[in-house]
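Going in written order, the chains are labelled A, B, C and D, and every chain counts its residues from 1.
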Amino acid sequence: MSIHDWFKRKKLQKEAEYTRERLDIPGNLWIKCYKCNQTIYNKDLEANLKVCPKCGYHFKLGSAERVRQVSDNGSFKEIDQHLTSKDFLNFTDTKSYAGRIKDSILKTGLNDAIITGTAKIGTYDVALGIMDFSFMGGSMGSVVGEKFTRLVELAVEKKIPVIVFSTSGGARMQESIMSLMQMAKTSAALGRLRENGLPYISVMTDPTSGGVSASFAMLGDINIAEPAALVAFAGPRVIEQTIRQKLPPGFQRSEYLLEHGMLDIVCERQKLKDTLTKILRFFKD
Amino acid sequence: MSIHDWFKRKKLQKEAEYTRERLDIPGNLWIKCYKCNQTIYNKDLEANLKVCPKCGYHFKLGSAERVRQVSDNGSFKEIDQHLTSKDFLNFTDTKSYAGRIKDSILKTGLNDAIITGTAKIGTYDVALGIMDFSFMGGSMGSVVGEKFTRLVELAVEKKIPVIVFSTSGGARMQESIMSLMQMAKTSAALGRLRENGLPYISVMTDPTSGGVSASFAMLGDINIAEPAALVAFAGPRVIEQTIRQKLPPGFQRSEYLLEHGMLDIVCERQKLKDTLTKILRFFKD
Amino acid sequence: MPKPEKTKYSRPILEFEKPLLELYEKREKLAQIQETGKMEMTEEIKQLDKRIEVTRQQIFSGLTPTQIVQVARFIARPNTLDYIGMIFEDFIELHGDRNFADDPALVCGIANLNGRSVVVMGHNKGHSTKENLARNFGMANPEGYRKALRVMRLAERYDKPIISFVDTPGAYPGLGAEERGQAEAIAKNLREMAELTVPFVSIITGEGGSGGALGIAMGNRVLMMEFSIYSVISPSGCASILFRDAARADEAAVAMKITAKDLLELGVIDDIIKEPQGGAHNDPELSAKNIKSAILKQLEPLLPLSHRELIADRYNKFRKMGIFNE
Amino acid sequence: MPKPEKTKYSRPILEFEKPLLELYEKREKLAQIQETGKMEMTEEIKQLDKRIEVTRQQIFSGLTPTQIVQVARFIARPNTLDYIGMIFEDFIELHGDRNFADDPALVCGIANLNGRSVVVMGHNKGHSTKENLARNFGMANPEGYRKALRVMRLAERYDKPIISFVDTPGAYPGLGAEERGQAEAIAKNLREMAELTVPFVSIITGEGGSGGALGIAMGNRVLMMEFSIYSVISPSGCASILFRDAARADEAAVAMKITAKDLLELGVIDDIIKEPQGGAHNDPELSAKNIKSAILKQLEPLLPLSHRELIADRYNKFRKMGIFNE
């Protein structure tokens, strides 16, 4: 990293912190709950797995935080972290895709919108993938699709279950058709996993929509979502435009999807690791 | 048949003719359309496959008539016709089941509510089953279940497709639990047929309800129904009692089921043989 | 689950148990006196307990089919979730048919039975009107049957045995249910259950109502609780259709042979699970223990069977059903 | 299907074809004069035809992506049912998902292709507003995708090749569609298509709109008609989201690489099917003939493959998709 990049990164990270939760109080000692407005001591929030102790609101988690929360201490071994996105269409909207990729890497310290690897959860070996919304809105391009697919292929090789945490605004439009093809690629990988008799647990977090929801997020042997997570194919704004009326409250939230048969479990973050462990035990015993 | 039985049969048959369509004009030369009230010369009706030339109403067909209409001339070879029902519970409601069986046999000239056998349709070999509503309302007891199952087993042996025409008021309640078990038996037979890679075409005719609809009638690789046939799990009266309101027009009729995804094809009787032939060709080629 | 009572006897009593009511009340009074410490009543209570037991035994040893129907349908009778809680560990309920809805009338999930992973499912009635409204009185919609099929396929994919608990008046006869293919959903389950490659044990715990019961009841082994029923139509339904008089339900209940004993004789079920004295609701734990032993006993010979053998076993079981003249 | 016109040229013309309009009208006038017998115009008509052809060739040889979008979406463009009628024999439409509804926006059926049984499916747009309302403009609901899955499984069970025709603005973004699991329906199709044990050829005939297109388009071979498009989002959608200006759709159409030529270069499709001069709607029969030849050509090497080989072929095809730095 050049010294120029280092300064840019600092600046971008500061922006990111601000925009990510928008409610941070400088110094980051206190944070305001997005839902109930309660002021929470940041350390308490962390200790509570970033769930508001007052109203139960689930704050967005970064992929690193998620790894810490769900995998057994220090067991996560990342793979394919070197993969990065490529601006193969020389795509420029308000900014070039090449520039966006570079900035996002600097800003988030991540190489793309998913990290993958092996880990232990409740002593069970798993192939673990965790998406991160802070990297270009968790959009799926070639790298997300490739890393997901390699993770599944590794699971087939090692004969271990796959668990993936999704969060995504949809396709990485700057990769155009290639982002669409990632839906095919990742789903095909899950077909192969299934043919090999290995389980896949999908955990949807807020928000999971578009191409990710219409491919690997919905394909769990067990589909789990965190409370009140938006899970949708077309987002609420698109639907409102289509039907030209306001959507009912709770529409496309986890509880709604559970009621409509799309989810097995809506699981609070506090119970998530325990639930995953029980499910892993089910598949193993 | 004793002379006593012969007289009884004549009497019962006369009753049957009257009750079956209720609209016969004595002498049977003319018949009134149940739906549009058109008076039709009986021979014309027969020539039109018992479909009203004016309004398209499909009159109920006896199993023998159905055989003539759909199978290649003289190709039908009946099997298991000797099987008859048994009053194994000594069940008596307003009349003993033993007596009902005997009367139904005399009245209809059938041994039970289905005839089965092999036939050719458009030169293709098939295992063919045809239910008859005139035998105790096409109710399914042990004999219907057994004959259906043997038909399917024969098809597996001969490696030919199965086509069954259903019409049924539901379970043969006089056989109590044993009539329920026929749903399991016939569906299991279709599972075996499927495992053997052989197709099954179900043709539902007016009415097909209860245990028959909730077992073999709904399980076709291709589900066909004649126009305006009532196809239901619970009959309209039961539903009206449950919901305490009138049912929408057309509810539980073939066209309604097509719209709601349960049927592949609603097929007029005139096109039925041709359609079956094309479908058989599809499976064969 | 009915709350455990402090007295030895559960309060909700069935109509035909009325002879016991007086004895129960007497016993309670004695117990109260005893508790005050004013008088020693141990011997009297012991005597009374014996009388209660004898009386109840008398009542329950000679139940008519109609009375058995009442026990089978009793609102205090343990339901599927009660039993699941007592029989299995680590139960996780799985919701939804991945299609249209989650049906609370039919619960499904994964669980652990004595160290072995299993898939469980069952109709679930409520213990109160409120619960029953939420559970639609245990009458499933097509979504329920489709959810059951989904978890059966999950079991099959990962080679886990299936246990089903059957307790329903029947599949729900509603407009929406017809619209969304109640007949199709049940029919498909029947065919698919026949083809399952895993051991499958079904238990009729309460009311085995017609196609709605059968829709999850095609186990390699089918068991009935002592005071459960299993029938093609309800006795009153049968009476009103065949006898043209709904009031003749008692008669129909006898004629239809719907008790566990009848169905064992007819070869429709494989075994009867004993209930605690006075019916399952009088001692849910013991009842659950009996079910658990029965499941384990029935599963054991099935576990070593191959996929083909399991299918053949089930096929042969249902293939034999039917009595006719040849 | 657009009614065949008496003149050689179909009446509905695209916006950018306006230069042709005058020539068409002139030709019609000449033809009228000719018909009255008053004057001999054969030579003039011949000349004019040549001019029309040259002009049209000029126009169509240099279409911009935006113009191609217009051709691809043209209301007179032959739709799936048009093509099915011209390419196959003995087509029988199969309705319904056996679940909730029949979706007229996505048609399925069985048919015969040169003596071979096949299963066909495709989004179906209308040729009029009325038809489009009935067909929901070719935007399928979850029921459509579930019906498609059902017939794909039928094909698999009986070892028949599958042909899909892709022509949709996208999966329908409606309230009911979300409620009934649009995402789930498409996702499941993707996984199941990958595992199909039969030869599968997909043709983008018009508009290949995003996940709604892909939901039936995971063939072993994927072909595009010369003037069809295939994209992750519509150009105007892309413009309004990324360029923050829906009016910049033309620019987006270029940037997104959505034409057959682009996608062949990117390795996303296997071949391009030539269209008749002036687009498929100008000569539906020829267009159908071209499609038929293409299908037969693509199917041939797939037919001898084993189930495993077919799955591997499809897996490898989609496994390769993606461009990134390693």
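The rule we apply is simple: a residue touches a chain if its C-beta (ideal position, glycine included) is under 8 Å from a C-beta of that chain, and two chains touch if they have at least 3 such contacts.
Small disclaimer: the values here were computed from a predicted structure and weren't measured.
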Which chains, if any, touch subunit B and subunit D both? C
With centres defined as the mean of Cα atoms, the chain at greatest distance from subunit C is chain D
Determine the centre-to-centre distance between subunit A and subunit D, using the mean Cα coordinates as centres, and give it in whole Å. 34
Can you check how far apart subunit A and subunit B are, centre to centre, with Cα atoms defining each centre and the answer in Å? 55
Between subunit A and subunit C, centroid-to-centroid distance (C-alpha), Å: 43
Residues of subunit D that contact two or more other chains, please. 98-100, 180-181, 184, 188
For subunit B, residues that touch 2 or more chains besides their own: 194, 260-262
Touch graph of the chains shown: is it line, ring, star, complete or other? other
Listing of all chain pairs that touch each other, if any do: A-C, A-D, B-C, B-D, C-D
Parts of subunit C lying in touch with subunit D, wherever the complex brings them together: 98-100, 146, 180-181, 184, 188
Which residues of subunit B touch subunit D in their complex? 194, 197, 199, 221-223, 258-265, 275, 278-279, 281-285
What residues on subunit C touch subunit B, complex-wise? 171-175, 177-184, 186-188, 190-192, 194-195, 210-211, 214, 218, 230-233, 238, 241-244, 255-258, 263, 266, 268, 314-315, 318-319, 321-326
What does subunit A use to touch subunit D in their complex? 82-86, 88-89, 91-94, 141-143, 145-146, 149, 171, 173-185, 187-192, 194-195, 210-211, 213-219, 231-234, 238-239, 242-243, 247, 251-252, 260-262
In their shared complex, subunit A is touched by residues of subunit C numbered 90, 92-102, 110-112, 115-117, 143, 147, 154, 157-158, 160
